[in-house]
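Before we start, here is the structure in question, set down as structure tokens.
Note that the chains take the letters A, B and C in the order they are written out, and that residue 1 is the start of every chain.
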Amino acid sequence: MKRPYLALITDFGEDDFFVASLKGVILRINPSARIIDVTHRIPSFDIRQGSFILHSCYKYFPPRTIFLVIVDPGVGSSRPILLAKTKDYFFIAPDNGVLSFTLKSEKVEQIIKVTNEKFFLEEQSKTFEARDKMAPVAAWLSKGTSPIVFGPQIQEYKMLGHLEPIKKEGEIIGSIIYTDKFGNLITNIPKAMFNKLKKEAKKNKLILLAKNKKISSFRESYSQGRRGELFYLVGSLDFIEIAAREASASKKIKAKVGDKLRIVIAGSK
Amino acid sequence: MKRPYLALITDFGEDDFFVASLKGVILRINPSARIIDVTHRIPSFDIRQGSFILHSCYKYFPPRTIFLVIVDPGVGSSRPILLAKTKDYFFIAPDNGVLSFTLKSEKVEQIIKVTNEKFFLEEQSKTFEARDKMAPVAAWLSKGTSPIVFGPQIQEYKMLGHLEPIKKEGEIIGSIIYTDKFGNLITNIPKAMFNKLKKEAKKNKLILLAKNKKISSFRESYSQGRRGELFYLVGSLDFIEIAAREASASKKIKAKVGDKLRIVIAGSK
Amino acid sequence: MKRPYLALITDFGEDDFFVASLKGVILRINPSARIIDVTHRIPSFDIRQGSFILHSCYKYFPPRTIFLVIVDPGVGSSRPILLAKTKDYFFIAPDNGVLSFTLKSEKVEQIIKVTNEKFFLEEQSKTFEARDKMAPVAAWLSKGTSPIVFGPQIQEYKMLGHLEPIKKEGEIIGSIIYTDKFGNLITNIPKAMFNKLKKEAKKNKLILLAKNKKISSFRESYSQGRRGELFYLVGSLDFIEIAAREASASKKIKAKVGDKLRIVIAGSK
């Protein structure tokens, strides 16, 4: 049986010694570990962004991949460390909501509170638990150690609120959950909810309202947009996105993560 | 026989879920794939820069390496996806010229237009063909699938213009094709052409003219330059470079990619 | 016996073809090489920062790891290339002090001046010795070539000064040696020296003086700090750090690498 992959998502950046220390610790314990960097550029302490990035790509990874997800403003405090086992994957993270988007859509089989000090580094700091506790646990797990050995099973863990849009009659109230490198604004409105509203609208057009702009052009792909035009489309994650052709919708509309938006039926309101 | 390497060059940046999704898709299809990041920091949509970066390093890679090159402003349009087989390597990229520098210097054996949907992901978006089409094709190729299975062979594909400098009697007219992290300005003037002009010049000096500056110092290496001085040299890619010692020539001279320059024989014009 | 890891630390950034060229060269010589990126974001030519980053993480890596450390303002000059063998590791670097912190704390067994051209690339530039000389040497070393084959053993090599703080009676005079991504200011004052001063202070408080600020709060971890407060703690590298909770101490105090600071006994001066 193939060794599982170990995928890292952190807010550590790439300038410092943080990520290298994690990798060193993992490879010392499991020299055959196969480590993949997802990203280390989650904005510092931004639990919600970390949760979204994990959610946006985890399911493309091979089954049994172990995700080590470190956005941890509470390092050194009493917040627990979680090991979540779902049908296909493992997730190790501080218990602060950073797994919210993913645990909501995965079939959760076990949540372990990681407490067994046997698996931690011998010398521990209070400021770098990712290196001293979470990375070694991930490495031991990748060697086949059973999840249950790391600590007791728990039922309660922290989940973020406001993950989902609200569907009312004739409209959807959502928010922007991510801005990508190209300036595309990803909303939390799933394709299915959008299609339902489209059905309600019959032959009427749908209009997206955000930051005092009315966006009425719907396109199939970025390259179908007209240059200079703001439009919306179904993005690669099956969420509604606001975009502009070879330009930054984010700059054009001056919107940011957390901003509310609505999709309504033209003429209705 | 050793598994080939899969080398990624994209304009996706490292903040988002794009690169991780590609890697996940590849590893799901070929769990033994060996992935190398070349860079994900091609400026957004900058086909010419992507083409240059690929060209500047591909030939250092082991034979049979598969390069996945994604700078794709036309994603979702009808522009084809290419699979190019050269004597030593494979290249997968949108047909927009991003392989120009490389195909011009490699012995091309086959160009396939990738059309066989059997190798694409089942669920496809219109905005992320790198994940849904190109990455899976690269993964199957790395497992040994024959190129010809992915689609028909074609003869015509897009090439960028203005790749090469012009050699006239007593002068070379070239342009800046790359600015590196240290601010060194790499031109498209190859060492061989420069040496030819040097021969023509006999005992006269050569002068590089760029942005209203006359640069007359030629050095063997960066560390031979005098501090504060602008000079030119033969860079590590065998192109003429404008440089400054432990300083940015790019800032000193305010030049950018695309700017023209000339090398002339002193006193001649 | 397991293949050793090859860990890269450079000031090359990730935008260019530099790092990819190193990896290509290494993999052509040793297709089984296992390459780990430590960081490529050492500030350009900043030997001291490179030395610190190496020191801060190398000992977490598996024994026999080969570190290729490239911060090399003297490329193309006559500065030698070093291969250092310590009890557990190998280091390849220009002889400019970039190994200082590490060689001071490791048990050095051999220092080789790398001169054997047999192991360099056939075509060599004067501006990219990392690709043409150091990467191939690292690759051959990773295949099991004995260190002594690369050149003669030497006794003298360059070390940076001012690595250590000064302990006087009742005070420590140190300096800031690193600012991390979160803005934490890492000093060169080790925990042991600090504890010694604490003993001297008996029941008196210790105060850290930096940039005209008196910092008197000592915390166990970042999350124990009060928001808005500057405090100091023992960081994950066992050095004293100045920090602020979920905020940048570096911005609050406007300190930078090289700035001096003192820790004194309250009331004593």
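Everything below uses one rule, namely that contacts are C-beta pairs under 8 Å (C-beta built on N, C-alpha and C of every residue); 3 or more make two chains touch, one makes a residue touch a chain.
Since we're looking at a predicted model, the values are computed, not measured.
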Cα superposition angle of chain A on its copy chain C, in degrees to the nearest 5: 120
Interface composition of copies chain B and chain C: same or different, split at half: different
Distance between the centres, which are taken as Cα means, of chain C and chain B, whole angstrom: 32
Touching two or more other chains - residues of chain C: 14
Residues of chain B touching chain C in the complex: 2, 5, 7, 14, 36-41, 53, 56-62, 65, 180-182, 220-224, 233-238, 241, 246
Residue ranges of chain B touching chain A (in the complex, touch as defined): 12-21, 23-25, 27-28, 31-32, 35, 44-45, 73-77, 125-128, 131-132
